[in-house]
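Look at the two complexes coming up: subunit A is in both, with subunit B in one and subunit C in the other.
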Partner chain A sequence: MSTATVQTKWWSGGKSPFNVEYGKLMMWYFLMSDAFTFGAFLISYGSIRFSQNYWPNPNHVFDSAPGIHGGAPLLFVSIMTFILIMSSVTMVLAVHEGHHGNRIGVIKYLFWTIIGGLAFLGCQAWEWHHLITGEHAVLVNGKVELWGQNMRHNPWGAIVEGVNYNGHHVTTPGPVAFGGYFFGITGFHGFHVFSGVIINIIMLIMAWNGTFDRKGHYLMIEKAGLYWHFVDLVWVFVFLCFYLI
Partner chain B sequence: MSDMHVHPEVVTSHEVHSDEHHVHHHKETFITKYIFSQDHKTIGKQFLITGIVWAIVGGFFSVLFRLQLGYPNETFPILETLFGKWGAGGHITPEFYYALVTMHGTILVFFVLTAGLSGTFANLLIPLQIGARDMASPFLNMLSYWFFFLASCVMVSSFFISTGPAAGGWTVYPPLSALGQASQGSKLGMDLWIVSMALFVVSSLLGGLNYISTILNMRTKGMSMTRLPLTIWALFFTAVLGVLSFPVLFSGLILLLFDRNLGTSFYLSDIVVAGQVLPNEGGSAILFQHLFWFLGHPEVYIILLPAMGMVSEVLSINSRKPIFGYMAMLGSLFAIAILAFLVWAHHMFVTGLNPFLGSVFVLLTLLIAVPSAIKVFNWLTTLWRGNIRFTPAMLFAIGFVSLFISGGLTGIFLGNSTIDIHLHDTVFVVAHFHIVMGVASMFGMFAGVYHWFPKMFGRFLNNTLGYVHFWITLAGAYLIFWPMHYEGLAGVPRRYMDKSSWVSFNQFTELNKFVTVVAMIVFAAQLLFVFNFFYSIFKGRKVRSQNPWGANTLEWTTPVRPGHGNWEGEIPEVHRWPYDYGKDGRDFIPQTEAVGANESKH
Partner chain C sequence: MSMEHQMSPEVTFHHAPDEGNVKKIWRTFWVLLAITVVELAIGYLMYALDLPDGFRKLALKGTVTILSLAKAYYIVSIFMHLGSEVRNLIMTIVVPLMLFIWFIIAFVYDGHSYKTLRNNYDPHFKESTMPTEHGTKPAPAEFKAGEAGGKE
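After this line comes the complex of A and B, so read on.
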C-alpha cells in the first residue's frame, strides 16, 4: 500500500479530471439523459394515474404465470425481476474478468448476461401476450363483453356486485390510460433491454475475436456494463410504479 | 495495491490523438474531407451552411405570412404561380398560413438557432479554444451532423405532401396535433414533424455528449476550468441543458405519436371533433404542455447562451479590455442554466394552472432577471472606456446587448402571471421573444460568423457589406418588433391571419403594412449577408497574419488554415486566463505566454 504525497491538480488541464477516458464520461452523461427520458414517462404516468378516481389493483392484473391461471399475484414478475438482477450480477463478473484481462472469463459471463437478457425479454413477451389475449367479462352498455388489456380499453374496472358470467365476476371498464402507459413504458424499457442484448452480443464477438486483448484493455465491457446496470435500475422503478404501488 | 484502475491511455489521450492526426497526413478524398468529414472544423461549417439554408427558408416563410398580415385584402397572383392550391386566387389559404407560421417557428428555433448556432460554434470553437486536436469522438460528432441532415430531409419532405407540413404551431399542442381529422396540418405532416424532431434529438444528444466530454476531458495542459474563454463555458452549459431537456421532449413526442397512431389516450379526453364523439378518455392536454415546456424553456437558453458566450468574447477583444467580472459572468451562466429548468410553467399561466403554483413560477421566472442583469452590467462595463474597434462582429455584439436589454425588460411584464392574463397570446409576446431570443441570438450568431470567419475559411468577410447588413438588421429589428408591443398592449392577438374584422384594430392597418415592408427589406439584407458569406469563402480578402484580431485565445495560435489536428507540432500550453488585454502597457498577452515575474495581478 502506498500513500499519495504529491497533490495532483486534476482540473488544471492536460488530463481527465475524473481519470476516465472520454467514452465512459459520455456513457455517464448519456445515462443521465436517458434517465430524464424515463423520468418524463414515469412522471407522466403518475400524473395521469393519480388524477383518476379508480386504478386497477396490480395484484389482480398480474396474478398469472405460464401454467398458473390466477391466484399467483406478482409471482411471474418477481421471476422476471430476479432474472434481470442476476444478469446484472453476471455483468459485474464480466467486467471484473475484464479488469484481469481474462478473455475466457469475459466471454463466459457475457454469455450468461445475454441469456439473462433474452430470458427477460421472453418473459415480457409472454406477459404482454397474456394480457392482450386474456378474456375478462366487462359490463359495457348493459351487455357483457370479453376484453383483453390493450391500448384502447381496460378490463380491470370495479367489480359489479351481483352479476356473474360463467362463474366469473364481471367488472366495469377500467381506466384506458393503464394500457397505454403499461405497454408504452415497459415496451420502451424492453427496447432498452433489447439494445443492451445487441450491445452485449457485439461485445461478446469482439472479445471472442481478441479485439480487447489487442487493445490491451476491456474498457468497452465496462461501458456496456454501465448501460446494462442502468437498464436494470430503470426496471426497479418500472417494477415499483406498475407492480408494487 | 490500489484498487483504482488507471489506464495509460487515459492520461495520454492527447498524445495518441496527435500521432493519429498530424504526424502522418493520411490521404483524404473529397468525400472524407468535405462530406463525411470527422474534422470538427468541417463539421462546424456543415452545420453553419445547413443552418444558413434553413434560415433563408424560415425567413422567407415569415415574409410570406407577413405579406398576409400586412395586406390581408389584396391578391398576389404570384402566390398561386409559386404555391398552387396553397395560394389559390393569389391569397394565402388558412392552412398554408398556419403551416408557414409553424414551420417558421420550428425551423428558426431548432434548425437555425440550435443546430446552426451551437452546432456550428461548439464544433468550431471547443477543440480550438481548449487546445485539443479534435472532439472526444470525431465519429459520433460526424453522426451528429448527419442525424441533423436526416432530420432536415424528413422535415423538407413534409413540405411536398398533399396535406402539407405540420400546422399546429411550433409547440404542437394536442389535441389539435393529435387528431388527424382536426386539420390538414395534423395529418401526415405532423407524423413527419415528430419523426424529424426525434432525429433532431438524437443529433443534439450526440453533439451535446461530445461537447461536454471534450470540454471536461480534453483541455490542454494549464487550461483549468477558470481559464476557459466564456464562449466555452456558455457552450458547456448549452450542452448540459440540451442533454437533460431534449429527452423529455422526446418522451412527450413518443406519447403524442402513440395517441396519433395507436389509439392511446395520453393527451386526449372528452373530445368532439367535426361532430364526432371520440372514445378517448382520461388523458390530459396539459400534460403535454408540461413535457413540451420542460424542453421548451431550457431551449430558449440553448439558443441564447452560445450567443452570450461569443458576445462576451467579441466585446472583450474589440474593447481591448478584460471582460468585466469573469467569475460573475460564469456564475450567471450557471444560475441561468439552473433556473432554465425551473420556470417552464410560465408558458402555461392561462392554461388552467393552479394560481398558487403560478405564483411560484412567477418568483422563479423573475429571479432570472438577476443573472441577466449581472451579465448586461458586465458587458456594459467591459465596453466602458474601452479602446473600441467597431468591426462588424463588434457591432453585432453591441447590437446583441441592446436587443437583450430591450427584450429582457418586456420579459418582466410577461413573467408576472397577472399581467400575462392581459398580454398572453397577443403580438406583445411575439415581439418579446423575437427580440430577446430570436433576433438577439441571430446577432450573437452574426457576431460569431464575422469574428471567426477568418479562422473558418482563411479569408475575411467584406466589411462594407457587413456594416450595411448590421445597420439595416438592427434598425429593421426594432422597426418590426417595436410596433408589435403597442399592438399587443392594445390586445391584437397572435395566430390570426386576418384581423380586419375587428373594427378597433383597423387603426393598425397602415402600421401592419409598414412592418411587412420593413420585414422584406430586412430579409433582403440577410440575402446580402448570404452573398457576402459565399463570395468571401472564395474571393474574400486573404488572412495574412495568424492572429488578425490580436486575440488571446488558442485558436489564433494555429496556422491560418489549420489542417485536421489543428496544431502542427505540440499543442501549446496555457499559462493564463484569456482576457489579458491592455495589461501592463501591453495591448494583449496570449494565453500561451508564461506569467512574468513582475506582472501585475488582475
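After this line comes the complex of A and C, so read on.
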C-alpha cells in the first residue's frame, strides 16, 4: 500500500477513500458498535464487582472439566481459548486462500473453522450445564441447602468455618449478580459464536456452489472473517474479566 | 501481484500486494498462544499464592490485563488486517474506541464509591458481606454445626 497511498488522490472522486469495499467498511462499523455493546456489559459487570465487599474467586468457580471434579482451575477454559484461537487461524487461512481464488482451500479452511466454532459451543454447553446442575452446600437461615449456580442463586460465598456437609465446605450465599453477568455475557458471546458458525456455513455452501468464482472475488469471506475474528477478540476480554482476574 | 476490483462503475479500490502471507499468520498464532500461556501461568500463580488483596495481586491482575490488550492488538492488526488499511480508516475505528478509557474509569470508580458509601452508612451491608482475614466468615452466632440439615 505504501507507494500507492502516496500517489493516489483518495478524495478526488472515483475511488473509495478508505480503499475498501463498502460492505467491509460497514462490517467494521458494525463491529465497532458491537464492541461498545460488549464493553457496556463488561463495564457494568466491573462496576457491580467494585461495589461488593466480596466476590467469588474464579479459581473456585471454574475448577472442573469433563471427568475432573474440582481442583483444576483454568484448565477447561484454556482449552476453550485454544479452540477459539485455532479457529481464528483457520479463518485467516480461508481468507488467504480466497485472495488467491483457491476454492478448495477456502472450503477446507472454512470447514475447520466451523468445526472449531461448534467445538467451542459444545464446551460452553458443558460448562453451563455443569454450573447450573452442580450441588454445593450453602448455609441459608441456619440450614444447609444444595445450590447450583443460576440466575437467582450463587453458591460461591465465603466458606463457613468449622462446618462440613458430607465432607465438603459449607459456604454462605454469594453475590447474586454473578450468575446474571456470567450467563448473560458468555451467553451473548456464545450467541455471536453461534451466528458466526451459521454465517460460515452459508459461506461454505456459497463457495461450494462456485458463487464467488462467478463473482470473480472472495470478498464475502473477508467480511465473514472480520466477524469471526471479532468473536475471538471479545473472548479475550471475557476470558480476562471472568476467569483470570 | 496487485489486483484491482471494479465494484461499481465509479468506485475502485486496490488490494495490497500479497497481503497476509501464511508465515505471518502462523507467527501471529504462536504469539497469541505464547501470551495466553503466560496469562494462564499468572492465573495459576495467583491461585497458588492465594495473595491477599493488595499491591502484588493488583500488579498481577494489571499484567494479565496488559497482556490481553496485546492479544487484542495482534488479532485486530494482523488477523483483521486493520494495521494494513488506509490510515483514515484506522482512525475512524480507533478514535471512537477511546471512549472506553473514560467509560471504564468512570463506571468502575462509581461502583467503588457506592461500596464505600454503603460500608459507611449501612452497617448491615458491611457486617454481612465483609470477608474476614482469610477470606472466610464466622458462622452466625445463633447457628450451631449440629443443626446442619440437608435439603429435603
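Methods note: the second predicted complex is superposed on the first by the 239 of 245 C-alpha atoms of A that agree within 3 Å, B and C clash if a C-alpha of one lies under 4 Å from a C-alpha of the other, contacts with A are read in each partner's own complex, and residues count from 1 in each chain.
Here, contacts are C-beta pairs under 8 Å (C-beta built on N, C-alpha and C of every residue); 3 or more make two chains touch, one makes a residue touch a chain.
In this text, all values refer to a predicted model and were calculated from it rather than measured experimentally.
By the touch criterion defined above, A:V176 lies against subunit B but remains apart from subunit C after alignment on the C-alpha atoms of chain A. Residue contacts after overlaying the shared chain place A:I79 against neither subunit B nor subunit C.
Note on subunit A: of its two partners subunit C and subunit B, the one contacting more of its residues is C. Once the two complexes are laid over each other on the shared chain, residue contacts for A:F41 go to subunit B alone; subunit C is not touched. When both complexes are overlaid on chain A, the residue A:D232 reaches subunit C alone and has no touch with subunit B. When the shared chain is aligned, no partner comes close enough to touch A:I107: not subunit B, not subunit C.
Of the two partner chains placed around the shared chain by superposition, neither subunit B nor subunit C is touched by A:I115.
Of the two partner chains placed around the shared chain by superposition, subunit B and subunit C are both touched by A:K15. The intersection of subunit A residues touching subunit B with those touching subunit C, taken from the two complexes, comprises 1, 13-22, 25, 29, 32, 36, 39-40, 44, 47-48, 51-52, 99, 217, 219. The touching residues of subunit B, counted against subunit A in their complex, run 1-2, 4-7, 9-11, 13-14, 130-131, 136-137, 140, 205, 208-210, 212-214, 216-225, 227, 243-248, 250-252, 254-255, 258, 262-266, 279-284, 287, 290-291, 294, 573-574. Listed in rising order, the residues of subunit A touching subunit B in the complex are 1-2, 9, 11-23, 25-26, 29-30, 32-34, 36-41, 44, 47-48, 51-52, 99, 151-152, 175-177, 179-181, 184, 188, 217, 219.
Listing the residues of subunit C that touch subunit A in their complex gives 2, 5, 7, 10-16, 19-22, 25-26, 29, 32-33, 36, 39-40, 42-44, 46-47, 61, 64-65, 68, 71-72, 75-76, 79-80, 82, 84-89, 92-93, 96-97, 99-100, 103-104, 107-112, 114-115, 118-119, 125-126, 129-132, 135-140, 142-143, 145, 147-151.
Note for the complex: subunit A touches subunit C at residues 1, 4-5, 8, 10, 13-22, 25, 28-29, 32, 35-36, 39-40, 43-44, 46-54, 57, 59, 73-74, 78, 81-82, 85-86, 88-89, 91-93, 95-96, 99, 139, 142-146, 157-163, 165, 170, 172, 216-217, 219, 225-226, 229-230, 232-233, 236-237, 239-240, 243-245.
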